[in-house]
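Down below are the structures I want you to see.
Below, chain A partners chain B and then partners chain C, in two separate complexes.
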Partner chain A sequence: MNAYTYEEMEVGRKESFTVQVTEADMDAFRAVTGDGNPLHADDGFARDKGYEGKVAFGMLTASYLSTLAGVYLPGERSLIQSVETKFLKPVYPGDTLSVSGEITEKNDTYSLIFVKAEIRNQKGEKVLRGKLQIQVI
Partner chain B sequence: MNAYTYEEMEVGRKESFTVQVTEADMDAFRAVTGDGNPLHADDGFARDKGYEGKVAFGMLTASYLSTLAGVYLPGERSLIQSVETKFLKPVYPGDTLSVSGEITEKNDTYSLIFVKAEIRNQKGEKVLRGKLQIQVI
Partner chain C sequence: MSREEVFAEVTKIFRDVFDDDTLVIVDETNSGDIEDWDSLEHINLVVAMEKRFNMKFNLKEVGKLANVGEMVDLILSRM
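Here is the complex of A and B:
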């Protein structure tokens, strides 16, 4: 786990990691949130809606932004203040995602960093675009 | 689970539910995301940072917006396109959260609804403010 101080966080710094979305992750997310929507549980339902099969929860994919901030950028001193996220393409269980972020701006008064994030699948397709405001505590 | 059609989704419609954040939820979220940040795992670390004890993951709280859309508003026909969320106050394991949303706008061309969401704790304090753009499929 990184433990960058605010001073060490310069604009342009990038961090990334990869993670696979498993069926077990889907089940755990469903259990935690109570989101039993069939798009994420029923292959037949998802195919009827035009997908290859059941689709990963968008907010599960977005949850990797928690890891991006809390483990990598800045790591230990992370306190996420806000997140904006846009879901661009479906993610399927089994997909391997590359999660990356780059510092675009800083606010010295409040020790804030602004991070532009993106998540791509194993085909290189951008599946999520995000922005985070993080206080370095 | 609700299964509202786009036509049934009128501006002003509200839905809400309550959920308790448990230690098991924290553990599951940590396992799924790989976010081992000590703010969410170590009471002593969190107290040193000025909190009552370990703090729930912000993106775990935000994940209840998945349920708000996928089960309630509109329910079965939900396809979340984007989410904006701001974390206003810390959430602690054991807190009971009231998650609510209201349709503020519609887009007939793309069958979109825009939902203003908020999450309050058992003391009535607003802990999260959010906005969702959801396609009704």
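Here is the complex of A and C:
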């Protein structure tokens, strides 16, 4: 886990990691949230709606932004204040995602960093983009 | 900028931060008058004002602001 201080957080710093979305992740997310929507659980239903198979929960994909802040940028001194995100393409169980973020702005008054984030799948397609406001505590 | 011009810009910032184009503020408006005005949105207000007016505040001075009028006066004092 990184442990950057606010002073070490310069605009332009980038961090990234990869993660695979597994069936176990899907089950765990379903159990935690209670979201039993068939688009995320039933291959037949999802195909009938035009997808390759059941679609990963968008909020599961977005949850890796928590990891980006809490483990990488800045790491242990992270306090996420806000996240804006857009889901650009479907993610499927088994996909390997590349999660990356770059500091675009800082605020010295409150020790804030503003991070532009994106997640791409194994084909290089951007599946999510987002912005995070993080206080470095 | 005149006080009225600064106030107009501050009004725009409040409307943007609180996602409410109909929001009306006056000098006496404080965090008790706007339901969503909590500590996090206070940070967002200050950050937006620093960017809009190209100035830096310190935690002590922004922490003791009691209402919108004091925010506007703080901005004017830095111009």
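Note that the second predicted complex is superposed on the first by the 137 of 137 C-alpha atoms of A that agree within 3 Å, B and C clash if a C-alpha of one lies under 4 Å from a C-alpha of the other, contacts with A are read in each partner's own complex, and residues count from 1 in each chain.
FYI, a contact is a pair of C-beta atoms (placed from the backbone, for glycine too) under 8 Å apart; a residue touches a chain by one contact, two chains touch by 3 or more.
Please read these numbers as outputs of a predicted model, since none were measured by experiment.
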### Query
Taking the superposition as given, does A:Phe87 touch the first partner, chain B, the second, chain C, both, or neither?
first
### chain B versus chain C as contact partner of A:Asn107, first or second or both or neither
second
### Task
Between chain B and chain C, point out the one touching more chain A residues.
B
### Message
Taking the superposition on A as described, I'd like to know which of chain B and chain C A:Met1 touches: first, second, both or neither.
### Response
first
### Message
Quick one: is A:Leu79 in contact with chain B, with chain C, with both, or with neither? Answer first, second, both or neither.
### Response
first
### Task
Could you tell me if A:Ala41 is touching chain B, chain C, both of them or neither one (first, second, both, neither)?
neither
### Task
Once the two structures are superposed, pull the chain A residues common to the chain B and chain C interfaces.
81-82
### Contacting residues of chain A [partner chain C, same complex]
81-82, 107-110, 112, 133
### Message
Applying the document's contact rule, which stretches of chain B touch chain A when the two form their complex?
### Response
1, 17, 19, 25, 28-29, 31-40, 49, 57-60, 62-67, 70-71, 75-76, 78-87, 137
#### Entry: Residue ranges of chain C in contact with chain A within the complex
40, 43-44, 46-47, 50, 56-59, 62
